[in-house]
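One structure, as structure tokens, below. Some questions next.
Just so it is clear, A, B, C, D, E and F label the chains in written order, and each chain counts residues from 1 on its own.
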Amino acid sequence: MTALVLKSNWARWARLPLMLLALLCFVALAGHTASSSRAQTADLPALQAKTAPADGVVPAQDAKPAETAKPDAKPDEKKADEKKPVPSTLNAGDTAWMLTATALVLLMTIPGVALFYGGMVRKKNVLSVVMHVFATTCLITVVWVAIGYSLAFTGDNNWIGGASKAFLKGVGLNTLFPETDSTNAIPETVFVVFQMTFAIITPALIVGAYVDRMKFAAMVPFMVLWSIVVYSTVAHWVWGGGWLADMGALDFAGGTVVHINAGVAGLVCAVMLGRRTGYGTENMAPHNLTLSVVGASLLWVGWFGFNAGSAVAANGNAGMAMLVTQLASAVAALVWMFLEWMARGKASILGVISGAVAGLVAITPASGYVGVLGAFVIGAAAGLVCYWAVTSLKRTFKYDDALDAFGVHAVGGIVGALLTGVFATKAVKGGDAAVGWIDGNAAQMLPQIYSVVATVAFTAVATAVILVIVKAIVGLRVPVEQEREGLDLAEHGETVH
Amino acid sequence: MTALVLKSNWARWARLPLMLLALLCFVALAGHTASSSRAQTADLPALQAKTAPADGVVPAQDAKPAETAKPDAKPDEKKADEKKPVPSTLNAGDTAWMLTATALVLLMTIPGVALFYGGMVRKKNVLSVVMHVFATTCLITVVWVAIGYSLAFTGDNNWIGGASKAFLKGVGLNTLFPETDSTNAIPETVFVVFQMTFAIITPALIVGAYVDRMKFAAMVPFMVLWSIVVYSTVAHWVWGGGWLADMGALDFAGGTVVHINAGVAGLVCAVMLGRRTGYGTENMAPHNLTLSVVGASLLWVGWFGFNAGSAVAANGNAGMAMLVTQLASAVAALVWMFLEWMARGKASILGVISGAVAGLVAITPASGYVGVLGAFVIGAAAGLVCYWAVTSLKRTFKYDDALDAFGVHAVGGIVGALLTGVFATKAVKGGDAAVGWIDGNAAQMLPQIYSVVATVAFTAVATAVILVIVKAIVGLRVPVEQEREGLDLAEHGETVH
Amino acid sequence: MTALVLKSNWARWARLPLMLLALLCFVALAGHTASSSRAQTADLPALQAKTAPADGVVPAQDAKPAETAKPDAKPDEKKADEKKPVPSTLNAGDTAWMLTATALVLLMTIPGVALFYGGMVRKKNVLSVVMHVFATTCLITVVWVAIGYSLAFTGDNNWIGGASKAFLKGVGLNTLFPETDSTNAIPETVFVVFQMTFAIITPALIVGAYVDRMKFAAMVPFMVLWSIVVYSTVAHWVWGGGWLADMGALDFAGGTVVHINAGVAGLVCAVMLGRRTGYGTENMAPHNLTLSVVGASLLWVGWFGFNAGSAVAANGNAGMAMLVTQLASAVAALVWMFLEWMARGKASILGVISGAVAGLVAITPASGYVGVLGAFVIGAAAGLVCYWAVTSLKRTFKYDDALDAFGVHAVGGIVGALLTGVFATKAVKGGDAAVGWIDGNAAQMLPQIYSVVATVAFTAVATAVILVIVKAIVGLRVPVEQEREGLDLAEHGETVH
Amino acid sequence: MKLVSAIIKPFKLDEVREALLGLGVTGMTVTEVKGFGRQKGHTEIYRGAEYAIGFLPKIKIEVAVKADVTERAVEAIAKAARTGSIGDGKVFVFDIEHALRIRTGESNDDAI
Amino acid sequence: MKLVSAIIKPFKLDEVREALLGLGVTGMTVTEVKGFGRQKGHTEIYRGAEYAIGFLPKIKIEVAVKADVTERAVEAIAKAARTGSIGDGKVFVFDIEHALRIRTGESNDDAI
Amino acid sequence: MKLVSAIIKPFKLDEVREALLGLGVTGMTVTEVKGFGRQKGHTEIYRGAEYAIGFLPKIKIEVAVKADVTERAVEAIAKAARTGSIGDGKVFVFDIEHALRIRTGESNDDAI
């Protein structure tokens, strides 16, 4: 009876996304027919020639990949000869590393985040958690190809990206990133998928805040909208040549774009959905921390792809990023471990892995800019501050950020973003200009602070608006009996036997 | 008592393979002594000189690696100067990617397939499943070195390969693949192991069809024979310069060789072994879908190595293959998810991961040839058709393909092989010639259909014959009491506590 | 009550390491301020110029990376022009592979070893096992950066390394390994982290011997001391230009440094801690071999990074190392499987994975030097001898090496070290000089035997001394009631529900 | 002495325990069981296969009490475990012939 | 009322349940137990170690019935659970002094 | 016949089984249960949250014996299960009205 009601109820909402998918496919078909007919006439040199009009335009620090030609761009003919951009050449070594890095970052989400979170909930909800993470992976893949990549990485507007590469129009077999002036270029397809894995993990991290109570039918539209509206926008600001990039904010691998973004969105979800039924009275202990350890381990290993991959080359930058990543993670884990040991008399595995992830989060924005010293301090600070956030802060404000998406990712991300301003150094970043405070450039703190504040504010508001919309259409929270029965059975008709 | 009888009984059959192994080692010893004495006299330039007599022979599209010199080849002296093959040079970037791709594909089988399948059986049989997969990995490794690689990739016969590289005779430190005319060559050892991982996963996929009832003592000879007789043969047809390659059949990463092959063999096993005891009446629900999600995730991530690795280079082809792989998988997963949601009122995690794997299977033959549009359609078709196969088709014909090796791999493989003919395009494959129907070359459908029909027919017959032989010698199925007790205890004396 | 006592008790000891960590950070700060001020003045060419005084020094076979300038080195001016070392150039392909290999080796420990061991203990101790492995990873990361790398890879003393690179002083963005004369160099940071993953897995392997009874509070100082005193020393002997390297001992990827070292230390722990309570009477069956299979699989896949990564390049050596690794592992697994099948009537999954790991261990020292034949024999011997060690040997001497760290790693390592002397061949190692017995150089057996004996003796004594010290300070073993309750709850306040 | 054995909904365990402690009961034994009754189970769907699960997770609480407390114990349990919806469970009372505390050797009423 | 408690082989659960439903019984409670008896266990082997496992997985079904149904219930269970091979299990009958349906407060025969 | 039902510490199971076999008992049934009593539980800590776990793992052994063996069985169990420290558990004895061996149909004393 109940099942039947649900069925028809949900089926109605299921139809919506299916139609959307069909629509997407149709648009893809249309778009592609157009673009591929163009592609057929254009062979490689022609394709590269398209970029010629960009002559004289000083490439942004964060070079936008292979823009399609801007018909209105007026080449400054005087400078043409001196600065004519040379088409890039593909570097197999760099490409090899970026293919690998992409696989590693995907590994972080499936099964990494799925297991990290899945092990921490009660047994009756574990499948629901991995389902949310896995389905998010699928949804964002399609969204990213359809529009996300274009919104993040194209367009001249400082605040919002363009649609010129929707459905990856113009991204072909021989398109390179960066398009010009590099002998270390990689196929743009690789760049697209590498960036896609970042777009995937970010909403997947939000799941940790709202587990055990959000409807699957709410999660589907929420994730799609959030990725398009929030993720692509912030990514554009920081990496796509937007205003934060212009301002000189440093975020090597996604401290703001990924972690602050996801963590704050998680907090908004936790608050708007309300606490889990039984929170504070019932036993909600993690059902299987072995799974969480596997998840944390895969996060750690995969983070090499995340941070060292953000060098977009197999070079000294990548090596340095890997080193500081490893170090900060270990230091943060140890700091958390010893703090807990002193405070509670026992060091727990959940503590150690939480610390490791906090360290990884905090070193993310800094990983291309700081050395051994910076890694030590950032790791230690992340361990300390995140420990405080998930124990004291959460208790004080009584929000139910179930698996500490906010406490670890937003808080750790903020620690990292600010300390990047302190410890970034030209010795690691390369170049001659002073970088962070430690180099004497205290002014770097400003863009760091701006980027934190802007991300927090924008994400908080936009996430809340999206939740309000989704709530109005499908509702956000499962009924209390379903929460009690467990979401595995109630929402997915499956259970761990 | 029973245990004792079994013991002596099985020990008898265990002796056989051990002797075989000893024999293999002996032959290896003999063969290698011969070949290594040769190798010792031949240093690098000499080794490459061996290929000189191949002058003037137009290399097959699927260049056979480093053939040992054919003493009877008559160099066409007139063309010699124009077409003299240049020894290849090793490319470190490509090699780096192929080493990685090999690791990724191995990861697909252990622990990927082992977990994917292991999570779907009842708890009493999980160890048995992972045992079959793990032992298959070990067995095929030895078989591939001993003879499989040679049978697949050497010899001039269109139908069956040669034994010239048995025990990897002639494959040395400096042997490259391809041997000549490439500046993107990789060590042949890397090619051998990369291909080995394909040879390993194919029989491992069969396990899904016959779980819960095949004797371990039957599986050992079955897998060995099947790999030699069926796998190497079909691989030779498609990739080793055999008749399907000649005909121009497109199979980038193994849609026919791996998936149709394994899926059909699985169906034959399922039918010849009969249904599981209690099928249709007892509850055979998956005992732990968390394991299956981990398995599916590792399959997905590893598939980057499978498909992008099949470019045998870190270049634009690899990048494009990775992109379409990711996309098709996501689309298929979503299609399956929404179909199930509409049909049954709930979206299940088993459904989503089944869809993802179906998409991965279907994009496999197409991955080097199709673009974003092709990936969308192939993914959607795979989700749709495989969903129908594992729900309606299986129910109609009442075979017990327990974990849907046929329904996902054979059916998905066929969908992919056919749609490759439709969506393959020169824009992605490179070159000037029209490729698939979408390029206007409707004729490509023929070799695609031939390759499907030939593989299905050959595999079905050969698998049946092998099963009959194995049945005559050791029997195929465990006694019904052992099925009831669970194969973990009955067959392996172990259990999950 | 008990909990409270423990709490204050442990907190006391927890304070110690925290202070140590603080101290480390302080020293790091100090050291780095010094070194980075230097680094700031020195740009790339200057950095490389530092090595100029090394002119004329014949590089050791195991070239030490980027030594800081030795002020007292007198350049032999006559030879200067002929042998002037050329600064190395970075190879992106090799770097790509080494970044990947590093990720793969880290994967072996977390989650590889953690799961391999975790699945084999009783359920009440699984979190304790993964905690020991994970915490070891964090501790050794810090130790390696602080002093371990420097002790292993710098200094002219044959027996003990130097402190010149403590806190990675002088290891910067552009430092390469090797520093000179190579066109296949990688960033030294990558080499540091690659070697770090070896330093991590070695103590993690020891955990298998002492599980279920060692205090966490004992493990922390034990691992730190052991890594500094034992691991770095033996690594220096073999890879850092120490006396075993001088003597010509062959150990490609760490048969002595990693496996014999860890296995013998494990045995000493097992003996000094005593047997588990209930050993021989209570059921101590592995609680979940599925976890162990996942662990073994990740070990296997990760071992590609371990062995093929030890080529420190993406070339034919790496390819050959991958091939023999795969083969030896499979052969050893099959030998163990068939032996057990004959002896006990059933082939077990624990047996197969134990055999696979034994094969991987034994091929480790040989992997850059032997071919297919050597891999066959080494695999078979490892399967046979380790099977005997963990069944008969252990039973005879009644030590409780709980998860066979000694029986698999030390015994397999010794088999491998000795057979490396037999099967190493110039056909695989490259060069013109005869290498192993099979090349006619029976004399190679001597350094192989020396290296085994020296490692066993040194490790045994040093480990015992460290244990005595740790015992005196914090005690080694948990009380028997805690053993009974399970270490997860007693030591970490967590449990698998 | 009597053994009061109650089958209840799992999430009511803590409330029932508190109710019993309120009566001065100092011990009880709990077992995870599966119950079949008027309350309908659920359906699990796996690809093509559907399994109707008749059995639902329940908790069995067994508490030995002195004869004169029996009635109050039964009432306390019933009150604490009641949700009013189907599947709330049953309470059964059995006679205990003999009881022993292993640690001390005390018997019968002293043992519980 | 009586409590019929049967130890049976796990794979016979569905048949026994059907048999009981056939008698008009509307509820029962099931527990996973381990049984030791004449039926031999199995041996697990892990590397060097062998463990003889005496205990085998069994299912305990407990069903409260009105006194007059007891005999038929026992027979129905026994018939459905019998395979004829060793380890088929036992049926025990206990007296229930008092029964209560928590949801409604009904007592004794009305409660079951 | 009587049913002797004992709640014991898990690691005492093997000893208790041996003791019962020594009396000529040929079968028994074992259940994993959780016990609440004077013995204190433990505290689990997960990041900010602490859970006091009152219930401890225990083993319930049920053995049906002929009436005249009851006392010896109770004593044997108590002796084997005793550690002297808190939480050793209880033994309860119930009356069995009827017993049946499913395989053979034997009744009462012949059935156990």
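Quick note on the criterion: a contact is a pair of C-beta atoms (placed from the backbone, for glycine too) under 8 Å apart; a residue touches a chain by one contact, two chains touch by 3 or more.
Keep in mind the model is a prediction, meaning the values are calculated, not measured.
K.L.:
Could you run down the chains that neighbour chain C and chain F together?
P.N.:
Both-contact set = A, E.
K.L.:
Could you label the chain D-chain F interface same or different, taking same to mean over half of its residue numbers are used by both chains?
P.N.:
different
K.L.:
Could you quickly compare C-E and A-D and let me know which has more C-beta contacts?
P.N.:
More C-beta contacts join the chains of C-E.
K.L.:
Averaging over Cα atoms per chain, report the distance between chain B and chain C in Å.
P.N.:
34
K.L.:
Where the centres are mean C-alpha positions, what is the separation of chain D from chain E, in Å?
P.N.:
The separation of the two C-alpha centroids amounts to 18 Å.
K.L.:
Whole-Å distance, chain B centre to chain D centre, using C-alpha means?
P.N.:
Inter-chain centre distance comes to 54 Å.
K.L.:
Show the residues in chain C shared as contacts by 2 or more other chains, in ascending order.
P.N.:
Only 3, 91-94, 96-97, 100, 285-286, 294, 314, 344, 346, 348, 350, 493-495 qualify.
K.L.:
Can you list the chain D residues in contact with two or more other chains?
P.N.:
In chain D, the residues touching two or more other chains are 31, 44-46, 94-95.
K.L.:
By the touch definition up top, name every chain pair that qualifies.
P.N.:
A-B, A-C, A-D, A-F, B-C, B-D, B-E, C-E, C-F, D-E, D-F, E-F
K.L.:
Which of the residues in chain D come into contact with chain F in the complex?
P.N.:
3, 17, 26-31, 64, 94-103, 105, 111-112
K.L.:
Please give the residue numbers of chain C that touch chain B in the complex, ascending.
P.N.:
Contacts found on chain C: 91-94, 96-97, 100, 104, 122-123, 184, 285-290, 293-294, 296-298, 300-301, 304-305, 308, 313-320, 322-323, 326-327, 329-331, 333-335, 337-339, 341-342, 344-350, 352-353, 356, 371-373, 376-377, 380, 425-428, 430.
K.L.:
What residues on chain A touch chain B, complex-wise?
P.N.:
Touch list, chain A to chain B: 3-4, 6-11, 14-15, 17-18, 21, 24-25, 28-29, 32-33, 36, 39-40, 90-97, 99-100, 102-103, 106-107, 110-111, 114-115, 118, 126-127, 130-131, 134-135, 137-139, 141-142, 145, 167-168, 172-175, 186-190, 192-193, 196, 216, 291, 294, 314, 491-497.
K.L.:
Considering the complex alone, what residue numbers of chain F touch chain C?
P.N.:
Those residues of chain F that touch chain C are 11, 14, 42-46.
K.L.:
Mind listing the chain D positions that touch chain B in their complex?
P.N.:
Against chain B, the touching part of chain D is residues 44-49, 51, 53.
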